[in-house]
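Look for subunit A in each of the two complexes below; its partner is subunit B in the first and subunit C in the second.
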Partner chain A sequence: MFNHDKVKSLSALIIAIVSALLFDDLALFFVATVALLIVWVFAECYTKASAPTMVVANILAIACTLTLFLTIGISELVNLFVAMLLQANCLKLLIATKPKQIKSIVLVNFFIACCVFLFYQSLPVTFLVLSLFLINITALYLLTNRKKLVRQSSVRAFKLLALSLPITCVLFLFLPKLPAFWRMPSLSSAQVGLSESVNPFNISDLTKSDKLAFRALLPSNYQAPYYWRAMVHEEFDGKSWNIAKSADNILPFTQIKEYGNTIKIYHEQSSLKWLPSLFYSKANAANIVTTENGNLYRVNPNNQKFSYEFTEIELSQQLTNNQRVRNTRLPTEINMASISLANQLKAQANSTEMFINLLARYYSDNGFIYTLKPPIYDDKNAIDQFISGKEGFCGHYASTSAFIFRAAGIPARVVSGYLGGEFSENNEYLSVYQYDAHAWTEVWLENRGWVKFDATAYVEPDRLNGSLSQLDNIRNEFEENIGLGLTSLSQIAIFNKLRIYLEQLDYQWTAWVLGFDNTAQKKLLKELMEDVSALKIAIIIMSLIGLFLLTFLALKLWQRRIRYDDPIVYYLLALENYAKGKGLIRKDGETVEVFLTRLSELIPHHKKDLMSFLMLYSRHRYGGKTLSKAQVKVLKRNVNNIKYKRQL
Partner chain B sequence: MNQALDQIIQQLNSVILGKQQQIKLSLCCLLAKGHLLIEDLPGMGKTSLAHALSNILGLDYQRVQFTSDLLPSDITGSTIFDPNKQTFHFHPGPLFNQVVLADEINRAGPKTQSALLEAMEEQQVSIDGKSHALPTPFFVIATQNPMHQAGTFPLPESQLDRFLMRIGLGYPDKESEKAILLGEISAAAKKVSALLTPANLVEMQSLVNSVVLSNVVVEYILDLVTETRDSQDYPMALSPRASIAIANAAKAWAFIHSRDYVIPDDVQAIFPSVAEHRLGIASNTTNKLSHDLLSKVKINP
Partner chain C sequence: MSDTKNSLRYQVKSYLNTWFNNQLKKRKHSAQTITLSHKNIYILPSKFGLAYLFVNLLVYVLGINYQNNLVIMFSYLMLSFLLVNFIVAFINLYNLKITLSHTNAGYQHTGYFAQFHFTNRDGTTSLQVEGENIQNQFVDGVDANLFKLDVQVNEVKRGSHTLPRIKLLSRYPFGLVTTWSYFVSEVKTYIYPTPLAFSFHQVNQAELESETDNSKTSFASENYQGVRPYIEGDKVNRISWKHYAKHQVLATKDFTAGSSSEYEFGLNTVPGDLEQKLQHLSYLITHAEHENLRYSLVLPNNKVNLGSGNKHMSECLERLSDV
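Now for the complex of A and B:
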């Protein structure tokens, strides 16, 4: 019973860590119930608190189930299932008394630890899950061996885990990556700086997240600014710019542009189906399609990091009537001042190009300011308010510009995505963060197609280079928005270095481990052998694992490299090892007889075998009587009985 | 043969109550052809043990009380002139017995002690240029009082080495002492009768000699001895004579336990009695040094 408490508290610890880790994804109230249950488990283990009676336990279970459904709801299935698992294991832990029950809890905990990967896959989380495994294997050891101490068990668990790592690597590299048998319902938890509806006049839209959005491997000839297009917003309802329903129509035929650049993206988890690209492009991944607007659209997204490559394509530059109507449509009777401004500029301009220039000059000459903390323009005529207020961020400018273009009868739309990014130390890759989210305008020029118009560029030209975090003018506002973190501390050299280092590490992890998919594996196998066949892979896996086991065996043998001429001695050593596993160590100066007598007290059911062994061993080693073959057999059987025959 | 030994031990146990280990050790000492030093306070049953031992083995027994004025010739005997036959005639002293109890050996002067110890080693006595062989088996049980050392001549280390074993009897436990007081002993002591003849004993001694001492055990003994020579913890290291003594005693111990080979347990059982008085100068019967040594030296499988 002594060890049961330890095992139970270790199991509770695992559940506590996982619940705390998934705090963001599960409801606060639910986590609170789990915390309470865990406190109860600990109290049961270390104080005189008693386990709930059957009635109380059942009531508790019903109450917990109700909280579960009420707080998490059934819309987010993955969260619900994970929460169910956590809570069920916790409840079981509360009433478990038999070793068999506790064992099943420990085994379920392996599954619970893995559930963390459904939500996070970064390197620190991987280490955390490994340490959870360590705790769980320790618990398993403690459960199967009552005499064991926690320290002893954890050392053994660590060894076991360390031993499994090489095999894991082999399997990771060579085992065929099968497609998933079933697909997880997508999670909607990932924080994204983009939204399918751009409404800059509602301040809360501005992202405060300093999370990474994606990383890009850019060809060196590709220069800033980097406008990462993700979504095209064509429908304006007076407040927000929305994506047209037909926007995810698949482009039927695409021609890859010759000499076009290919760019590789390592994308973080995202619930958004629209993916960033630098131009009209086509991706190499099967579940990423190109839409009519030349954007990338992910079908069946899952909540994992992913990577893709995209290549520039030729897009036929024609505006259908439908599109023209959609891109010039405005709600009536609002923003009259802006419409008159548009008409005023139109009167001055004799071409669309000139109109664009006039609008740009209008922004730069009239004291417009780029700020992350603009006043709230919540009037019906928000755009008029902004034009007189003159303070805003990208969304304001994009929205206003598009409105003015449309008011002047020029087809225009708002495009959102990311702008810029931060290069890694060796310029190897570009990191784009959620706070780099940006919106700009695209204007239709009859002979040139859709042309980018970014009013922000005229107001705050520095924004075009680098990341938002590197923009000095608005640093204070930026830091206030982001809150305390490594990013906001990046002015201090050592924190910046640390941030960049962690960033680099995470990149390597993403690129080499998470990005190791079917394609990467095929490439590796191609490099290793000329033609890839299942048989060859199987042989490689088996031989590598075999090699590893042999090395391990050799190491073990080398460890006990004191050689004895007499093979009988090894039987005694085997017993000594066995006793060591039971926590009985042969002392210096302890004779075989004393030692075996002590051992027989520990395992009384093997006393007969032990005494027979002792008799034969003494006669052989001390009596100078070489054992006959039959006697050696008996000796061997004795040892095997002791070592492997379990008590029935 | 072993049945006889078992009987002897049983009988002795009924005479000397609660001292099974010491009885076995003294018997073992006898079988290993060694001499025994009993170090204990007066009245602990030293004489009773010696007496019972000689009786049961059918041996002659003589007790010599050592005093400071005891002369060598008092124990060896001397040549006396026979006026009738007009010749010198050797008159053997108490040494010419199969079991000699030298009581309070440290009270006698060095000269007398030397005479005894020489006889013990050589198994003969030389008087006036003539050697007189001592009887076989020849077994000396010496006693000394570890306390009250004033006016005594403590045995030098070299002479302590001559004794195969040194044992302490110690106080009996309560049960045994109660039995003694109730007079169960005196009645039983009278019942002790010879179970062996001297010839049997000699045969046994030769059998002990043929007990197998395997390489492994020899190495263990050597490990023990070497440790005393290498380590700084021991005032004196064990001599080769000590290792021989250990081997012989272990053989006898194995023989007593009806085994024809020595196991490390035998070595450990006799080791404190054989080695302690050779390791330290101070007189003690706690056997701390040898117990430390035993727990320190690893026994190879």
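Now for the complex of A and C:
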């Protein structure tokens, strides 16, 4: 009864923080509703506002649920679920009066707090969730100990939380990670990412996002440029390049290249199924397969951070008839100028290689410009428009090149992914941001297979090295796109340092905690012991946790041991206990002198020690002199002699 | 049918109760003073703790299904937190000294009292005292100073009782685990029959119904003292005709309230069935003590000699309760 208002406000605080944090993902209307409800809860606790009656509460609940369904919608199942949980708990908070009801609210809040991790997993969010946990257990403490204050309780809760963290780490490191039990609805993605169809204007949108796409650990011998292939677009509808329906067909068998490098990726949250890789590759994760085009394809993406490793594979150098037809097909009657350009180049070239060179020279000789702010080409003949406008972005160049190749009868396709990336200060890893998104062309050479053709390389060769953010020519355009962020402030030294430091910290966090998957765990266990068995793991976990808890317990009990301010009292007690063992009990009111004399009669051979003890005792007790260190030592020796030394 | 069932249930229950108490005595739960240590402290998750574990499991399943390391870690954190709770809860009760100071006998309608003394040099928080026929009591904190707790045992059966098994329980620190211990006492405490006043009319009835020859049978009321041999001049309406009918000797009812009078109380003194008689006797004894009279008590298989004073009264009432 005493603390209900405090507990209620703490619970309301948790709900408020989570709702505000998931603002991006949950509808604005929902946040407003929750805010109102929370204000009501606070009013109830600290003013005379009354709780709604049962009828009003029920009507409120129905209304809130309905609006939730309407504003968030069934399609975003996870968001809907979390929102409903938040709202239900909030409503319950409004009408709860009994301790049992409040306890259930606190329990649900545990679940609510952990749901934040489904949406965000960065280091700051982790600290935030930890503080939510702290608030929640403070509420529990207040509920159990009715007269305690919030500050006292939070200190107590903090201590216990700190104490449970080491155990958590042991469990996390050693407890084997199980595979998913069943498939959960995936989170809807509010994040920017590659689009499954390349429309030049879409890609230029991506450059406005400075969100991290992924980080890669590259072998040192692997040189730039890094073309991160993610998707192959083979179908052109006149406007955008789309992924063929058969693109996710799984490659029946894969041959890993002997000298191939293994590259590790820490991928940020993404609901995209196509994963970036540097070549035709095969990944080590169970839910990532290799498609016929050599791309990595993720089955059941769940919009969480994840990591994977991939290795280069051999792909057969054959083009089936079907593929040939698909990769030369063009919509009729558009971009006539481009088609005539293709024919013109074809007339000059006597091989595909020569055609490629001619097209490259065409771009560099005719004043084509690489820009993030191209004019809008929205005509039916957009490619013709671009060829005459000569200003464009990677998407324009890729799209145009593929069109021209196809017009000349050469199989070609658009590939999208990322280009480059920014190395960390110590060259440990490469960070690839959304603004590094890129598109280029692949051309079929009869004897060499698919060959990359990136027109950007001829127009803006610097783009191939490093990240888009490091490109000097378009810095102004780039910064205008990003807006004010740490990246934009990077020219100021302090901010740049800060940015790099935060980035480094985030990487460590991602690599160690989020990248700690089954493989990493097995590696760790292998290092600790020769052969890993469930029994051994169990023993390790048990003994580590047991050791920790016992140490804590021992420490606590030791702190609570009886302390004697005066050493002589302690030694006298020891003598009394010794005498008890011999059958001599000190009577009530018996003076020390009488007692020790009686004792010396029982053990005459220790008379000397006893008398020495008695002398020191009298001097200290009745003479009022404090004992020196040497004297305490003598006392100790006397007692030990009596206790342990046999008669000589 | 249901009666036999109930009595069987009662028997089984009381048998189990005794057995349990005996087990507890073996485990150092029984003494005038007990100090709680690892030998006699028990810890298990509370009901709320089990609910917490269930949420813990849900969080774990969520983490596994999304393969989200942080959610999995959160579930481990919840589990570790519970583990730490066990230790802290143990330390909270550790070293708590419980002493049964004394018990006060009571009447059927009040039950009896027991006073416990609690002390813990290192402090104990949120202690709950429970037991059969005892209203739960909450002790907010115990420290080095003696804490006195009066416990009322609402027992209705007269007679001597051993204190019910006392359960000392704490849900400190977070309500997730229950830490408890028992205090079993051998001390006997009496419940006396509730004093019940009665009217003189009822006494007459009792007198007439009485078949005993005991000439010493006494009546008690405000000023009725007994019978004495008839002396010339005694009022006729005071002659005990019943006495005459039996013994053919005239006797007079003596109403003079003598201050130094001595009384003997017995079952025949009072009307009603056995329980009522006992209650009336209880009334007489208490009343007599209050009036500073000397009295004795004769019961079918017991006797308390003439005397007075609180101790005497207690003895009389105890014998009365034992009937």
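What we mean here is this: the second predicted complex is superposed on the first by the 545 of 648 C-alpha atoms of A that agree within 3 Å, B and C clash if a C-alpha of one lies under 4 Å from a C-alpha of the other, contacts with A are read in each partner's own complex, and residues count from 1 in each chain.
FYI, a residue touches a chain if its C-beta (ideal position, glycine included) is under 8 Å from a C-beta of that chain, and two chains touch if they have at least 3 such contacts.
Note that the structure is a prediction, hence the values are computed from the model and not measured.
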Touching partner for A:V325 - first (subunit B), second (subunit C), both, neither: neither
Touched partner set for A:R621, first subunit B, second subunit C, both or neither: first
First (subunit B), second (subunit C), both or neither touched by A:M354: neither
Greater subunit A contact set [subunit C / subunit B]: C
Subunit B versus subunit C as contact partner of A:K587, first or second or both or neither: first
Subunit B versus subunit C as contact partner of A:I539, first or second or both or neither: neither
Contacts of A:F172 with subunit B and subunit C, given as first, second, both or neither: second
Shared contact residues on subunit A - subunit B and subunit C: none
Residues of subunit A defined as touching subunit C within the complex: 103-104, 107-108, 110-111, 113-115, 117-118, 121, 126, 129, 133, 137, 140-141, 143-147, 156, 160-161, 163-165, 167-168, 171-172, 175, 177-184, 302, 304, 306, 513-514, 516-517, 545, 549, 552-553, 556-557, 560, 562
Footprint of subunit B on subunit A - complex, ascending: 564, 569, 572-573, 576, 587-594, 618-619, 621-625
Complex interface listing, subunit B residues touching subunit A: 212, 214, 216-217, 259-265, 268, 294-299, 301
For the subunit C and subunit A complex, residues of the former touching the latter: 48, 51-52, 55-56, 58-59, 61-81, 83-88, 90-91, 94-95, 121-122, 125-126, 140, 171-176
